[in-house]
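Two complexes are shown next, each including subunit A; its partner changes from subunit B in the first to subunit C in the second.
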Partner chain A sequence: MSDTPIDRVAKATPPSVASKIRGLSDRAIAWLFVLPTIFLLLAVNIFPLIWTINLSFTNFRANRPNREVDYIGLRNYERILTDEDIWLTMQATAHFLFWTIFFQVLIGFTLAWLINRKFKGNDLWTTLIVLPMMLSPAVVGNFWTFLYQPQIGLFNYGISFLTGIDPSSFQMIGDVTLAPWSIVIVDTWMWTPFVMLICLAGLRSIPDYIYEAAEIDRASQWRQFWTITIPMVLPFLMLAVLFRGIENFKMFDLVVQLTGGGPGSITELTSINLKREAFEKWRTGYASAYAIILFVTVFGLASIYVKALNKVKER
Partner chain B sequence: MKSAKLLAATAFVAASGLNVSLASADELTLCWAAWDPANALVELSKEFETQSGHTMKFEFVPWPNFADRMLNELNSGGKLCDLLIGDSQWIGGGAENGHYVKLNEFFDKEGISMDDFAPATVYAYSTWPKGTPNYYALPAMGDANGWFYRKDWFAKPEIQEAFKAEHGRDLAPPKTQMELLQVAKFFQGREIDGQKRYGAAIFTERGSEGITMGATSAMYPFGFKYENTPGKYDMEGAVNSADAVAGLEFYKELYKTSTPPGYTDSYMEQSLDAFKSGQVAMAMNWFAFFPGLYADPDTGGDKIGFFVNPGQLKEASTLGGQGISVVAYSDKQDAALEYIKWFAQPSVQKKWWNLGGYSCHVSVLNDPNFADSAPFAADFLLAMDGVMDFWQEPAYAELLLAMQKRLHDYVVADKGTAQEALDKLIEDWTEVFEDEGKL
Partner chain C sequence: MSQFVHGLMRFRRGPWEMLASVLIAIGVVMLMQPVVLWAYTYSFIVTLTGTVMFIVVSHFPD
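On to the complex of A and B.
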């Protein structure tokens, strides 16, 4: 009997599991293992989604289980899409999304670029910079309300120190013009470190020999930055934008703690508005339609974005 | 043998009795908001525990989360609360959605008469549909929005002199809303004892009910009404009448000219803090807090005075307060009803007032000594004579959130005019009542 490597591997390979369980093929056993997961997914993801779509065509209210439920067609969708206040919350959300991502990418990338240059105390600075993202959003929201307090808040005193204006002469979270920026500042403060870490990973993944080759070709620092650093970090940066975009689209806790959606409804983001409709006004059917519209919006935007991300990766 | 039988019989009866008493001793959970009167109720309920053998457990939720927490509990058919001291506006939903036990039969059986309670409180806290003899709660805690002020500052000769020079009259607790504004403006930014002070702490909170409770305190005296004809939901010309618009414009002026900086989202706690920290000369808040304020070692006693919400075209105050209901989902309804029977007794109601709770029982309120029993007691009686409440409909939460939004948008966020805010409010409310099938 030969004792080739192939024979030894054949001997070491255990017999098919299926042969131990009579009547079941390997494929059937695989299904047996996968089925509970599929069932769980159907139960917690797909069924609620279908149920929500169904509810969105009704006037159902969860706090009135005994009331007759009527199918009202597209009335909920029509109401939402023609409601001026809903569009204002969409605008508030868009403003928040755009500026938080803009500042977080700008500052996050700059910090990563600086941290990536080896210097003394590099690790300590990295640790200090990432501290805000380790805090709870509710805690951050709460203590920033104190920082923004016009009479005793450090933020106002800081601005006063730098500009000389009276600290109690402006209200970051009470002023219609400043309130949308107050939530952008806090979110940027908290989540820029996250973008920085992703960018840092991107920067550190660029092999040194590429820069060395560029040096040999006498490429300037500026040219190296634009033709090597940026293109190679871009997929990481886009991933960070995707994460932050999804997170901030559903932003709730931080803003509720900070402004509660006010003054008026200036900082009422869609998630806050949706929560009010669903769990304070108990308009379950209406809120379901609202949720479906948001889902379609996010899904659509995310799909387009992921396609763009894949194209960048392929380059 | 005879004595042995007697002994056995005695032992059996004793054992049965013990058994009965053990079986009927329940642990009752009473749910309410976390505030001063709740502590007084804990103290008061010790007597019930001693008398009945039941034990009392309390679930107190801070005001900003109270409605959310408790309404979710009721809507989900939760068994957390056996007794609930729920806000007056919940009575419609409590009754129509079957959350509260109807108490008529129980009242008749136990001889509890609603005539023994102040009519305004019975109407507001107990009845649904409004004003009909269908009772879902026993009036438990009378309350209204009132005012308190720094009596010591008002008495300062230099302040008196300055006010007289400016306005040609003595500085005194305001009798009208316009006087209130005048006094508040006078104190705004004024230096007293070396510190900058402000005019008034008012309600501007956005999330729950704050700005509605505050603004209606100004709007009711100016003539704001919910309907032209009670029960008809005819809001046009009532909600947005010229007087109602004037009332809302007045509240905005009070907010813009007389409140401390950053006072954009303030309710009960913030009002108390502003007053106790010496920031403001006057503050609005619920009468429920007045015993605690009077007892405060720094700003209470001789330093504090109280006054009823000033009138303008008429005398009116925003109603607070609650009735106590038995939760329909409770497994201990008999014991809960026992508590209500005990609580309704005149002697218990008297103790309730003495401990700092606002009794609604006529034997307490009509007592000749009542008005002098506390520095704010007479004002409480005045306030309860002219209370007005928000909608108590089952859809009250939707109606309230709409008003919160429209008022905050106009008063704090400077969006549109008072007329537009109230016109839009009618649109919102009309939509709700249409959904409810009432319009």
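On to the complex of A and C.
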């Protein structure tokens, strides 16, 4: 019989403790470790979800807890899905989603492509570019409110310097036409570095020998870009688009700090509208149905996201 | 294309997941388009069908 350290520890273990441990199978020990997490998941995620689904079929109002609650079937869903005001907030969200993703992918990929070319100070530039991403959205919202000030804001002065327009002649946050673009600019400023990092990972995963083979075949730089770089970075780009899409669909803090949904309700995204229905108008049942609609949409997008992630992993 | 249809007929995971993903994407586009109200009205049922289908077909064999 070998006398390994494990054997020595086993021999030194008091018989009462050893018998207790021996009584549990590996499977039981595994369950013992997993159970607290499962319990937490059920209490924090699954139970509220089931409760919200239940509330979405009622006319419950959280500010009138003693009022009798009636089950009204699918009427909340019917109201939301035929309400033109909510349709408008969906369109505001779509405008925000489309343009932020468009600019973030365009600028993020260009930056990644430039950073990927080895040059002096490469690491320093990468660090500087990723700084906005590390800030809190609430801080960024406040910070950009000052930048957008028509009298003292640097943004207006920058535009004035470039175009010659009077800096106090336009208001980024107060104007109905410019306000949707003001939130697009800030989100792009904050999250382009994230897209850049994902694209950089994609670019760095392309082996050099593929480019060397293309050079031997006398493929031009342009041809190499379209037939090697783009197809090989595409799964990473897809991942970035889906990730930003899901995140921006739920966007709340940054826009609340920046515009508060205004002027009027022109920048009122779905999450802000949902919060108003739930905690300002106190239509809890209605807001629950609204939340379920958004949840199913995000869950659907997340399913595609996981599929894309697995494809990237397979590479 | 024929491989895709063959996969659907044999209940293979890949093509069915693709179909579910397309349904989800169509649902999201219907939800956010600014053109017709009826597309917005039926968007939720399309997305829900796609999402439930995705959960079911992800258990199909490869």
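Keep this in mind: the second predicted complex is superposed on the first by the 259 of 315 C-alpha atoms of A that agree within 3 Å, B and C clash if a C-alpha of one lies under 4 Å from a C-alpha of the other, contacts with A are read in each partner's own complex, and residues count from 1 in each chain.
Quick note on the criterion: a residue touches a chain if its C-beta (ideal position, glycine included) is under 8 Å from a C-beta of that chain, and two chains touch if they have at least 3 such contacts.
It should be emphasised that the depicted structure is a prediction, and the values quoted were computed from it without experimental measurement.
**Student:** Counting touched residues of subunit A, say whether subunit B or subunit C comes out ahead.
**Tutor:** B
**Student:** Kindly classify A:F299 by the partners it touches after superposition: subunit B alone (first), subunit C alone (second), both, or neither?
**Tutor:** Touch partner of A:F299: subunit C, not subunit B.
**Student:** Which partner chains sit in contact with A:P150 here, subunit B, subunit C, both or neither? Use first/second/both/neither.
**Tutor:** first
**Student:** In the superposed arrangement, which partner chain does A:G260 touch: subunit B (first), subunit C (second), both, or neither?
**Tutor:** So A:G260 only meets subunit B here.
**Student:** In the overlay, answer first, second, both or neither for which of subunit B and subunit C A:L97 touches.
**Tutor:** In the superposition, A:L97 touches subunit C alone.
**Student:** Could you tell me if A:Q221 is touching subunit B, subunit C, both of them or neither one (first, second, both, neither)?
**Tutor:** It touches nothing on subunit B or subunit C.
**Student:** Please output the residues of subunit A touching subunit C within their complex, sorted ascending.
**Tutor:** Against subunit C, subunit A makes touches at 77, 81-82, 84, 87, 90-91, 93-94, 97, 293, 296-297, 299-301, 303-304, 307.
**Student:** Which of the residues in subunit B end up touching subunit A in this complex?
**Tutor:** 68, 71-72, 75, 93, 97-98, 206-207, 260-265, 394, 397-398, 401, 405, 408-410, 412-415, 435
**Student:** Which residues of subunit C touch subunit A in the complex?
**Tutor:** 17, 20-21, 24-25, 27-28, 31-34, 37, 40-44, 47-48, 50-51, 54-55, 58
**Student:** Please output the residues of subunit A touching subunit B within their complex, sorted ascending.
**Tutor:** Those in contact with subunit B are residues 59, 62-64, 66, 85, 148-151, 168-169, 171, 173-174, 176, 259-266, 276, 279-283.
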